[in-house]
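Look for chain A in each of the two complexes below; its partner is chain B in the first and chain C in the second.
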Partner chain A sequence: MSFDATYHDQIYKSVGTRPVRPDGVDKVTGRARYGADFNMPGQLVGRILRSPHAHARIVSIDTARAEALKGVKAVVTAADLPDLSDGDQSHYDLLDNCMARTKAFYDGHAVAAVAAIDAQTARKALKLIEVDYEVLPHVVDVDEAVQPSAPVLHDTIFTGGVEPKPTTPSNVAARAEFGHGDVDAGFEDADFIVERSFKTEQTHQGYIEPHACVASVNPDGTAELWVCTQGHFVYRQKCAELLGMDVSKLRVTSSEIGGGFGGKTHVWMEPVALALSRKAGRPVKLVMSRDEVFRASGPTSATSVDVKIGARQDGRITAASAELRYSCGPYADIWAELGAMTSFACYDLENVNTVGYEVLVNRPKTAAYRAPSAPMAAFAVESAIDELAQKLGIDPVAFRIKNAAREGTRSSYGPVYGPIGIGPTLEAAQTHAHMQAPLGPNQGRGMACGFWFNFGGQTCTDLNVNSDGTVTLAVGTVDVGGARASLSLVAAEELGIPYETVKTVVADTATLGYNDMTDGSRGTFSSSMATISSARNAIEVMRNRAALMWDISIEDVVWEDGQAKAIGSTHDNLAPLSIKEIAEASGKTGGPIAGHSEMVADGAGVSFATHICDVEVDPETGGTKILRYTVIQDAGKAVHPDYVEGQYQGGAAQGIGWALNEEYVYGQDGRLQNPGFLDYRIPVCSDLPMIDTQILEIPNPNHPYGVRGVGETSIVPPLAAIANAVSNAVGVRMTHIPMSPPRILAALDAQPTA
Partner chain B sequence: MSGIAVSTTINGDEVEYLCQAEETLLDVLRDRLGLTGAKEGCGTGDCGACSVILDGRLVCSCLVLGAEAQGARVETIEGMAQGDTLHPLQTKFLEHAALQCGVCTPGFLMAAKALLDANPDPTEEEIRFGLAGNLCRCTGYDKIVRAVQDAAREMNGG
Partner chain C sequence: MQYERPGTLQDASRLLVETQGTAFILAGGTDLLVRSKSDDFEADLVVDIKSVDGLEDVRETAAGFTIGAAVSCAELGAHAELKAAWPGVVEAANLIGSAQIQSRCTIAGNLCNASPAADSVPALVAAGARAVVTGPDGTRTIPVEDVPVAPGETSLGKAEIIAAIELDKRPPRSGDAYLRFIPRTEMDIAVVGAGVNLTLDEAGTVKSARVALGAVAPTVVLVDEAADAIVGTKLEDAALEKLAELCSAACRPIDDKRGTVDFRKKVAGVLARRAARIAYDRAGGA
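Let's look at the complex of A and B:
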């Protein structure tokens, strides 16, 4: 049956309520099993040896002494992970990141691994592995890496997207350009122009649960992997490819996940765990330490961005351009491209141009971090927009409203928008009580907007109606923040049954069809769409069964309020059949009742937010306190408002940490100086106020309930909102994130005294 | 490799185990006793995910040696509910959606319990400082603070 995903307005019974999540009790009693909470019989302990150098050629690795140590069952190096890439560069890069092949490209790059009977033996074994390194010059700074004098990481990489093709290798892996109109002409028309450069430092997602897995490879080549991941189907695919296994032989189960935010969308040490298990012939548990998480998983890009925006005196922007340099770690990716696409997505611009450069540096491979690349671009653009509003003497909210994108606007990255929420979030901000609250000495208010694309992707669900009329919903998108509650609500809504009778579980890769991972804010959007489709298919089956039980035509059976009802004057005497009655009879009417759905969930509606922030800056210390914070964001439809608010608040808090404090600090030796939560300090409870939220619901026309993804956009505005607030508080434009106390004091000291 | 024999009380039950000198209480709880509710988020006492209550005092179990639990009373998340009756803090965390991924939740519940045991009627600021040793990356702490406020209200008779 074809599925109609079109939005239809309706009165909801379940969707929009706030019940307790189905996995809640397990999580408050300590019973929920995360990556490191699982064990297998005969399991070994895995440990990884990592490069202490930022850039070094691996001359030789001698593992003989480690292998000879009593209790060591396997030692692997790149030799145990053969190159099966066959010209596929991204495959090769992934393999090389899991285990360095010819060169170590960053402090923390894996070079060997052991599996032993206990942690003590494994630690000893690592010390017995002798690696002969030829240390090479390194570069960690994004601006230094693009200089012609910088050490080049790969002599095989020539800047892509440039004509004619360059003849010398470069750390600039690729160039990407977006936009339309004539920016030069637009700047000619401008009465005022703001042109500034901005920098942001590298940050980590900071999930509290380190990467962890248990791998078990059997002698017949079948294997199991228990792992904390945002996408077990994708992990299965990648691990199978890297290790040369049949996909069907690898069964991956996603554990409960202790935060991901994009960082658990890439494989890191899981292929190594499988290689160790394959070699040792026993299950291997591999858990990263926090130090390893910082040094060797995937933080976000460090960036350097130049922005130029011009406007007429009447407040209309005439042209906007940006050049963005994003660090990728040692491997090419599309981080600058995403920054270039998102930079000006909030605005309706006649002339716009953005260019992104992917820059390779001796830092860990950059990974996605919640709306990847958008917060840094928004920091630069929204700071410049604020400054331009000040030059024009226009209120910053009114200036943005005047230039905001709307339905029909051609976005700066190409597509034409449908119904969108940037205007409404700005209008809600304009009338919000927060905007009128008084400010004291050394206090400032800032606001900023943010955009994220959102994603749909491949999705598969099974909805089984059990013999007592309760429902089990199997989904393949990992639940990172309450999605099982939302999906149970959606199934309950569509079937017309109580929420409590639906149990949603995340199925493993052997029991459900392929699902893309939980990224792009797609978990609830795409799996709810597939759930609605599954439920409608199950209803079709149940209408058939009711027709059979009544011996009438299916055309005379409708589904309402969780019951089959016979319609038409000839069926007046037939009492409705409940889902329970139909389910109980199913053994005699054709067997089990289920609804399935396989789809590409197209039509993820774009998402916009506006944030308002008040700060107080201590001029003596340079310390900044967040006094008040408000998030206004379009959710399309908030399925479970508690968890929508939670996404808004969590993204804002991460953004606050990024704006004020978090950064990777590298020494002259190219080693990470702060790989721990003491020196890489994320916000704690006493750092923050309550974070107020306002959910707007501008329905996504491409989802039956109007749902949009909500997970990522909330981290896009904070850097700029807080920078604008601090700039207003201290009277100096802040251009370098994080605005840590030393940077604020330096900015104040650089001001001429009055 | 001879172990150190330890006799202790965990969640009211007498427990005996052997551990190595360098093993932390967290290692013992998780790897020897199967009590995996306490999590290792950092191993350096910075995140609070491994919080337990030792002789009435909130500690990071990753900073306590297994051998130090000799003769002590240890309370972990597994002992917080009484049978099938959740502690009011557990109930309020669920009602207020004070968890997203949930991996920090056991530590927060132990810290919140220790806070309310010592100060049954804390201000918002006291709650924020009382929980400042526990990291949560998902929630922004808003709903956690509200859940603790509501639990305190209920435990004080509403």
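Let's look at the complex of A and C:
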């Protein structure tokens, strides 16, 4: 059936309310099953042997002694994961990251794995595997890696996107450029120019639940995988491709998820668990330790960004440019490209140019981290914008409002914007009480804006009306942030029934069509659209059944308030039929009642936020305290406001950690020095103030309820907002994230004394 | 791995003497249990001393306080007399980890773990605390600063156990304080720690003082010259500046994931100055 996704204003009954989430009780009582909570009879314990070297050629691997150990049921190396890439570089890179083939590219890179009857035996077996490494020079720093003298990771990579094609291999895998107008002419017109370089260190998503899975490969070649993931359909696809299986033969069930933030969007050890199970003939459970999570999964790019922005005395920006270098780990990707696209997305610019360079380094493969690449670009750009406002003597909010993108603006990355929220979030900031609150000594206030694309993608849902009139909604997007509650609200709204009568479940890959994963802030956006479509299809079925029961034409049946009503002068004396009555009769009117939907959920609708932050800095120790924090963001329509606010607060909390303390610290030997939560410092509760939120609702024209994704944008402004606040507090422009106490104190000490 | 829970120090010591393998003493277990999860950890014997008679109490005597080796840091925080006499020692013990950790961990364990960053150790050294060490050859009492000799290493013999930590009775007009620097607000490890203990005369002049620094050298540093700089003063600005300067100069830190040499030197002085001020106020100085 055709589906009209356009926005129509309406009065909501369920959407916008705040009921208790269906998964809440299980989570707080410990009953919820996460990745490591699944067990199979006869299951083995899997463990992975990891390279201690940042860069080393694998001369040989001898697994004989490990295989001979009593209790060891399988040992696998790259030889057990044949290369089926057939020229597909991203397939090859994924395979190589799961299990190093010829070289170990980072400290923590998997080189072999064992499955044994218990953890102790598995641990012993790892120690019996003999790997002969030829240690190679390494490079971990993004700026050092682009130097001609740097050790080159791959002699097969020549910078892409450059004409003519380079003749020497390089750690710069690709160059991407965006923009329009003439920036040189724009800078000529400027009365003031700010030009600065910024750095951000590598951070991890810091999800509390480590990667975990159980893989079971049967003798007939079918297999099952229970796994903590943001996208079980994607995991099925990738695992099947890497292992040479038919997609239909692999069934993947997603567990509850203790955080993903992008880090659980691609496979790490799941193909290894399947390979172990295939070899051992028994189920294999693989659970990463925290050390492995830090060394071998996750992190976002370390970056180095040069920004130049010019403006006229009247406060109008005349030109803006940025050059961005993003680390990718050992494999080429599009992280710098995303940074280059998002850099100036908040502004209406006549002349803008951004260039991104993908830089390969001996660090773990970079993975998506919540609005991937945007926070670092925003840090550089929003810091420079703030400094330019100061030079011009204009209030930083007013300066941004004057230059903000609006409907019809051609964005710096190409598309022309529809109705967007950057202006309204800035205007809300300008009038927010936070902006007027007094500041004490050593305190400073900062603000910044952020942008994220948002994504829609392939989506499939089933809505089943049960025989008692309750509803089961099966979706294929993993619930990371409260989506089951939100989608139940949407189904209840569309059907006109109470929230409590709808139960939403995440279906496994064998029982629903393909769904893209929960990324790009798409979970609620896309699955709510598919849910509305499913519900409308189910309503069609129920109108039909009511027409049958009444023996009237379907044209004379409307659906209102959860019931079928007969219309027209001849029928209006018929009492309405409730969903319960229609469902109870379904066995006699044509069988079960269901609504199905499959779609590509287009028109996700870009998202903008403005954050305000107050800090106090101890000038003698460089210690920073976040005093107050406010998030203002456009949600399109907040389906479940609690979880929208939760996303706003969560993004801010992660951003605060990133801004102040989180960073990967590598030793001279290229080994990660802080693979644990003691020395990789995410904020604890007492580090954070209550984070205030303000939801704006500028409807997305491409969604029936106006919904926009809200999950990611909230991490884009914090680095810049906090850097601006710290810079204002100490009177020195901070250009290196995290602004850890030693870095702040060094910046203060570097100032000439008055 | 063999686990034993002896009832007397003699039995505990004998178990340690007799074992041929690697042995560990378990009290609160907040260091040992974490370490035991590492792939490199191997233990043949663990001797749990929590059931040993007399190690579970804080005793107040005419000479001062005797804190049994199995007394948790949370119990120190709940001991009103100890807290009144040695607020700096107790606040240091109550900074370790979280409420959950404090309800298990002990100051004797903190000392024996021999981490340069141990929170309670600079406060104990500043307080002039002593460790009562029992072993196969009997019992000896040594200054706490003589226990750690290097990161992770102590001066204790194979079968020696710290049975108690002793603190003196306080003369009038005395105060102590401990401050540490961590990048977070809690659940963290000291980048720099500073303990100051002092006694004033009737006029409010510092009569005696001890200053100790943590996390700025392989072991805790007792900075006599910094203490001397405030003796005979009323902590005027110049005296405090001198104290800070001498503390910074006494540091022999390293650059590592937690901080830089420059940062640790500077902040050691800052914290010592601030801790001295608090100790002075606690001693009743004006």
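The criterion applied here is as follows: the second predicted complex is superposed on the first by the 754 of 754 C-alpha atoms of A that agree within 3 Å, B and C clash if a C-alpha of one lies under 4 Å from a C-alpha of the other, contacts with A are read in each partner's own complex, and residues count from 1 in each chain.
The rule is short, and it goes like this: contacts are C-beta pairs under 8 Å (C-beta built on N, C-alpha and C of every residue); 3 or more make two chains touch, one makes a residue touch a chain.
Everything quoted here is computed from the prediction, not taken from an experiment.
Asker: Mind working out whether A:123 is in touch with chain B, chain C, both or neither, as first, second, both or neither?
Answerer: Once the two structures are laid over each other on A, A:123 reaches chain C alone.
Asker: Using the superposition described at the top, determine whether chain B or chain C touches more residues of chain A.
Answerer: B
Asker: Quick one: is A:25 in contact with chain B, with chain C, with both, or with neither? Answer first, second, both or neither.
Answerer: A:25 sits against chain B, while chain C stays out of touch.
Asker: For A:745, using the defined touch cut-off, is the partner it touches chain B, chain C, both, or neither? Pick first, second, both or neither.
Answerer: In the superposed model, A:745 contacts chain C only, not chain B.
Asker: Considering only the touch criterion stated at the top, classify A:686 as touching first (chain B), second (chain C), both, or neither.
Answerer: It touches chain B and chain C both.
Asker: Could you say whether A:271 touches chain B, chain C, both of them, or neither, answering first, second, both or neither?
Answerer: neither
Asker: Quick check on my understanding: which residues of chain A belong to both its chain B contact set and its chain C contact set?
Answerer: 678, 683-684, 686-687
Asker: Given the complex with chain C, which residues does chain A contribute to the contact?
Answerer: 123, 126, 620-623, 660-661, 665, 673-674, 678-679, 681, 683-684, 686-687, 740-742, 745-746, 749
Asker: Please name which positions on chain C make contact with chain A in the complex.
Answerer: 39, 181, 183-189, 191, 256-260, 262-263, 266-267, 270-271
Asker: Report the residues of chain A in contact with chain B in the complex, numbered from low to high.
Answerer: 18, 20-21, 23-25, 27-34, 36-37, 120, 205-210, 256-261, 287, 289-290, 480-482, 642-643, 645-646, 649-650, 652-654, 676-678, 682-688, 690-691
Asker: Help me check something: in the complex, which residues belonging to chain B touch chain A?
Answerer: Chain B residues touching chain A: 20, 22, 30, 35-44, 46-47, 49, 76-78, 80-81, 86, 90, 93-97, 99-106, 109, 125, 127-129, 131-146.
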